[in-house]
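Some structures are shown below for you to check.
The following pair of complexes shares a single chain, subunit A, combined with subunit B in the former and subunit C in the latter.
For the complex of A and B:
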């Protein structure tokens, strides 16, 4: 296939040829092409179908503002939907397919919507899918979902990597057109740290698309020279293919660098895209301007594009978008398109200029005081109908039409902090308003300086101003000579003639008629207009259509455009792939696991692990022949209670607390008293929040007069530490108390069961007999010479110790314990067995420590000392939290031992109707107790302490169980605690 | 956002944990103040559109609690102090 529309010139490398496919057809292009320029070079104008009406569409732009030419790029797992062909860089072997069309782009069945357009007006969804309500979920939603969206996801795992990066600079320059290059050059020469970012793969901005001279050379050559000078500066970082997508607080900008999008497959070790976080002291927005169309009947046919885009394809890519072109303009910039194309030898049929008077273009049919009122051509433009100044109409045949309705400065980023753009009458466009992101100024076309000279001048001036602000000195160099022509616009927003549809927002199929309907139905505010018609709500954020829509509304309401106002923009400036935001946080890296010191050993034993917060803990360790988890857990419980069991409890939070006020400090943060605790002893502590609810619990040991070791739950290790720092720094700043988290420093194991002491005595160097190391004792020990800590505490209710050694000895320790325990048939038990034994003992844990429960609810009300001030003490005395019929912790077991009960069940009186009013509380935790031979549970029951011995029902709609239960003491096993004192 | 830590210099706000109104420093004495006073302390807050003094914790850093004076409308940070210094200046001790 020849490149029939390729003309001379342009910044493409004709010495190399790329082959690529679109919808299965093979075409050729060159390095430097975009997919859109290459397709246009091959005479392909039809590239997509519109969202709602499935109208045939071609590109209207040559940049990131493109609403129409959206395609699937690549295939298989790398297929990416909604890629704008106008910015997709061509590479050899590129595969693209059309989207939102079936069975084919040329013959799209859904184009029937175009015939039914009178139904699909503004507010269509609101009006159509209202009744009956029963249809919302079952009928309407599936229909809408099937019809919605443009491209399709591959639904395969993305094989590429995405990265995140961080940059710091004095000055961030956004956009590398004449203004941005001049700003970067000024700042770079002054020695400032500069980041210059541009979304294009070639810096230069509009200079690449124009024939203007800058400093006596071609604009593109001047730009290349500046880029070369900047590239040689070590203080300047040039970032092409990098879009600044958002402005955040304090000079932080986010940027997406398309590192490998221009390659078929990323180079080894390179990410597909990188999300940058750029910290800047000052920033200059030099993002240029976007041309806007003029709406007229059937203005959306492939071949009709923005005049500046038509010119860009000719000048930058050597492509005539049509063999015979026309221009429709309301300003002088549009005339440049006609001049440039004619200079390139393209047949220019006419310039349809809505203005009257002024100079006529030489050698071109320049029709002043005229308007395009309609177009024809099924899958591409064939002709336009023009209303001439004399009132007659004329049909002018052409295959491309360039339309220019003026240029809108790209103010988007300046309104990311809700600054509202302001209207400038002389250029008929919005420019950045006040109150934009601090430290950000705009230069060049982005600030309304639409000439090349204006861009160079303001780029330099803003850079000098920014650097002066930072205390740096920058010199104003002589500016290169450049054109400084005014745009000479006479606003024309839409052609009033004609009854058909005239498109404003091509991506969302919003027409002048829709705006008129919104006006008729009184949705006249710009915010209502946007939401009612979906104007500007597509992936292009209305870059070409918004101002047009607002202007039409202004005309209808008889208000000025500034009085009508404008909607503002949010990040991102252009669409960002989810994978880019996720970066490397996928799969295992999304949430890395913390491994316990015995993990390696446990894995060798075939242990089953469970996620506990960030930790992986041993859940149970199956033995050969065990086929269900219950077999393993029952065995672990029975063996521990009968012989001895070992459990890794390293995950519990450990905090060292030291200082002369350490005891007094603990009295403040615990509801019970610690200052009276003897050295070498442990105590169970209950920590409240200031609102009186239980925050956390654990045992804290006094290792010395001014030295305590606090234990927290696994879940609250971080938040308790944060809370202690808060108490220490904000509430009692003069207390002599220092804290440090030692959770990671110690590998800690619980050794529980009748043989626990015998086992430990084999490896602990000191005497740990009951006399030397009594119940609730604590102390520093050595384990065959290795420093360690021993606590005689028990969660299981057995004779038990927790022994700690430095973490790096944790793996050796579990092996040593198992070796020493072999003669006692020691086993390792996991979190399931731990849960069984703590419920058998009535200890509270996660299900009970739910943030909504008081000490009184847990049966621990007496622990809250009123003799001293502690966090939560006062508010725990509130009347509502001390009702005699409030929730109390109870034990629960089924009347029939074979019956099952489930956590989350609600207590009901027998015979009471199963309804909310009968709700007496709920089961918080449930296990199977091998000792009692039945399910047992803990729960919060209203006035539970007065209902011991009573029979009730435990009802659970979720598990569909309804079991008769007996309310019992929460202490199921060894209620007197004889075993743990043994 | 960037918080200019009095000791560590400018740090990204992602390193911090936010708590809320810096008036939390003015905790009443539980042995003399009653439920009403504590209730007011714990639950009643101003919600200004403008300057706000608030507590931030440098959890991914040096564990300092800071009092940050921030404009809630513009996010401009006007002042950053060590919470310990503020607490002492407000008469808190042991």
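For the complex of A and C:
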């Protein structure tokens, strides 16, 4: 199909031709076209089906307010639903398909809904599908969702990248029409830092769509000249294809820049879109206005569009939306459409002007005091029926009708902080109210100045005012001469004649009848009206329909329109893809790995890694011939207990705590006492929350009189540090305490097992015999000349040390340890073996440190010192937390050593019914102990300390297992601690 | 250090890495020793005197100051990170501690961080996609903690064409990845 509706003029590059497809048919267009303009140029008016009734629909607008012409853009993983054809920039190879239609757009089976419309009135789903109630979720709702809706997701992973960024400016100008350009020019010339953002790919706003002259030249040319001047200013940033979607606190605005949407595929490395956070000192909303329709019977046929859009297609894109057009208006702006189209050689059948009196348009059939009362045409407009001033009707043949019911200033962003817009009778529209976002003012049509002169004047004035506020001086330049005609509106919201449906909100299929029904059923508040009828919902957020709906309701209630009020506009102004909000925060880019100092070495050994938070830790290191993880882990445990094992424990949090009050500080943050700890010693510490629950545990060493090194669990490294900062800065600011994290500064390795000392003594320069470096000793050492730290602590229950060197030498350290340990058959063990050994030893870890357990629960009640005050001490004494039948940490092993225990099982007495009332507690951690040759577990059992030796059952509802177990001490291995003190 | 101790950079290599993409150059710095330096309560006078004697600059809030041997940048009230040449000050704490004695709390921080020096024309375009700091208007010598792709980093603007980043060492590869993809996004 050729571009049969293409006419002369416009801002398209006819020297180049793009080929694109819509529903599989190939068409052509030009650079500068939108998908909608190109389809209209090719004579395609039918672009979609409506939400509820599946009525055939075409575009009614030429901008982002479009409710109807929504398509799937692109295909495969890049398919994007609900893309507005009116703003989709045409590119070569563009592929679009219609949505919400089956089997085809022209022959949509679901159009039966239109015949059954009496069943689908407002709120129908609140009244029907009520019985049986169980059918709603499984039967009714899925059917309704399939029958109604918008586009479909591809369900494939989005292959594109999304970026984010931060901009700063003195003045943000939102919209680059005449007001925005004048504001930016004024501020730019004054030297202010300006960001000028416009959602269109061409700046100029309505000047690109009009034939007005500005300063003696075509408006579009004047705009291009201003843009060129602004582009040359280093203090001005021009952002096309950028929509300001939200106003937030402190002058912050969010903006979506469509970096690559005008390309088939983003350029390599380039994001598809960028979400900008703009920090502005002042902002001017110059977002223009949106034309609104007049509702009349069957006013939704393809070919019926807003008069300003009809004019824009002709002037900007060189497209006549129909070969014979008519205009229905209640204001002078609508007359411009007729004049412009006639000047372009388009056959203008008539202007149906609802107003009476005034000048008649020369050379055009201008019917005053008339209204369109109906239209005809199956898949596109064929004619309109007009009620003439003399009472007779006339059918006027036309394939396009431009409707103008007046213009609504785009006040949305001024209402993002709940400011209510105010009504202006002279233009019959809402304008920004007071109390909008601080620092934001409005100019031009967005503020009700609907003439070009008004836009230029207010744009300049607001820029001067904003800069003056900032202490900058801006000069008022001579404004270019521009039209200043009043809109001369005589409000007409809907045509009262006719019994059929007259659409108010075309995206949600809300009609005048629906508003009347809502009124009849007492949903008269605008908030109720919205929810009951869905007026103003979905992708267009009622940009063309809201005020119309409010006006109809106002008429029905007898209230004024301002008294009826508006709903609240919220961000985003236009739809934003979820990928844009996520930016790069997805997948590994959201959670990049943290690597341990021994990672390179471990990878060389073929280690299996596990994610611990963002850390990648060695889980186990398989040896040749080992076919299951258990084989590897069992070997690592047994070898450590028999010989010596090495584990990278760098991930545990390390915090340097210094100052003359460091000891006293630790007494406050730990439940047990640290101020008495001798220099060169370390101690296990228990940290409580204010509510008395255990927060974290670890060992803290005293390296000097005023120097401590605290260790935390890996999981709580950050939260403990943050907690200490809070304590230091807010609770006890007078204490002399300085803290800093050293987690990453030191590569730390656990060396555990009977040969640990022998191994370390080979590389540590100082004497580390039991006498010189006893259990719980700590100190600065040198390792073959390198400064290091040594702590004699044990998590495994073995004779063990933790040795630390500066992180850069961590790789060398693991290699030295393995080399020195070769004669002792040293092995490296991972987190699995670590877990096995700590459970064998009865140490608490993540499963037990669950945020809802007390020291008493863990069998550590005596650690909470009553001799001093510490965080959590008082509340840990609450009566309810100290009952003798409360949970206590116990050990668990199956009666039959070959039986398995299921992690997460609940304790129940033998013979008790399997029900909640029998629940006696739960298993917190479970492993297979190669040392004991059976499963073992830790758990919290009610009065567990009184049940040692008792047989119970471990019941798991999920794995459907029921195992007879014996309750034992949690210390399965070396309960007297002889090995670790050896 | 003894040659027996082979060091690895934050990126896991024996030598520091340099990445050049378009006009941007990202240099991993492995030759700087770092220590935190904090004033102990009530010790201001002695602390200031020691700093002067040792030649440790104590710049004000959000500032970096270069010195002959030691440079420093402010991190939080009464606390700085002190920089020195690693080759001569590997054990930087031992170099500082005798001078400051009990007037300061000093902690080695050298390997807590990975340092990238990012240079080239157009740093503003790069960093406006990485951090909310307004690099275009910040003065030379500006230093601040900020966040880049969820990673807490220190940013120092030395000049319009040179910025230093200190990020967590264990996340060195993640931070470099963030820089690289952003550079490609800008170009």
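Convention: the second predicted complex is superposed on the first by the 972 of 982 C-alpha atoms of A that agree within 3 Å, B and C clash if a C-alpha of one lies under 4 Å from a C-alpha of the other, contacts with A are read in each partner's own complex, and residues count from 1 in each chain.
The definition used in the following text is that a residue touches a chain if its C-beta (ideal position, glycine included) is under 8 Å from a C-beta of that chain, and two chains touch if they have at least 3 such contacts.
Keep in mind that this is a model prediction, so the values were computed, not measured.
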*Of the two partner chains, subunit B (first) and subunit C (second), which one does A:86 touch, if any: first, second, both, or neither?*
neither
*Looking at subunit A, does subunit B or subunit C touch a larger number of its residues?*
C
*Pick one for A:279: touches subunit B only (first), subunit C only (second), both, or neither.*
both
_Touching partner for A:691 - first (subunit B), second (subunit C), both, neither_ = first
_Just to be sure I read the superposition right, which of the two partners does A:506 touch: subunit B = first, subunit C = second, or both, or neither?_
neither
*So, does A:874 touch the first partner subunit B, the second partner subunit C, both, or neither?*
first
*Report, in rising order, the residues of subunit A that make contact with subunit B in one complex and with subunit C in the other.*
279, 661, 734-735
*subunit A residues within the subunit C interface of the complex*: 161, 163-168, 268-271, 274, 277, 279, 584-585, 589-590, 592-597, 599-600, 614-615, 656, 658-661, 706-707, 734-736, 738, 740-747, 784-787, 806-812
*Taking the complex as given, what residues does subunit B use to touch subunit A?*
1-2, 13, 17, 19, 24-25, 27-31, 33-35, 38-39, 42, 55, 57, 59, 63-65, 74-77, 82-84, 87-88, 92-94
*In the complex, subunit C residues that touch subunit A*: 1-2, 4-9, 12, 30, 36, 38, 40-42, 79, 91, 102, 105-113, 128-129, 131-134, 136-137, 149-151, 168-174, 177-178, 181-182, 184-185, 187
*Using the touch definition up top, name the residues of subunit A that touch subunit B in the complex.*
248-252, 279, 417, 438, 661, 664, 690-691, 718, 722, 725-726, 729-735, 868-870, 873-875, 877-878
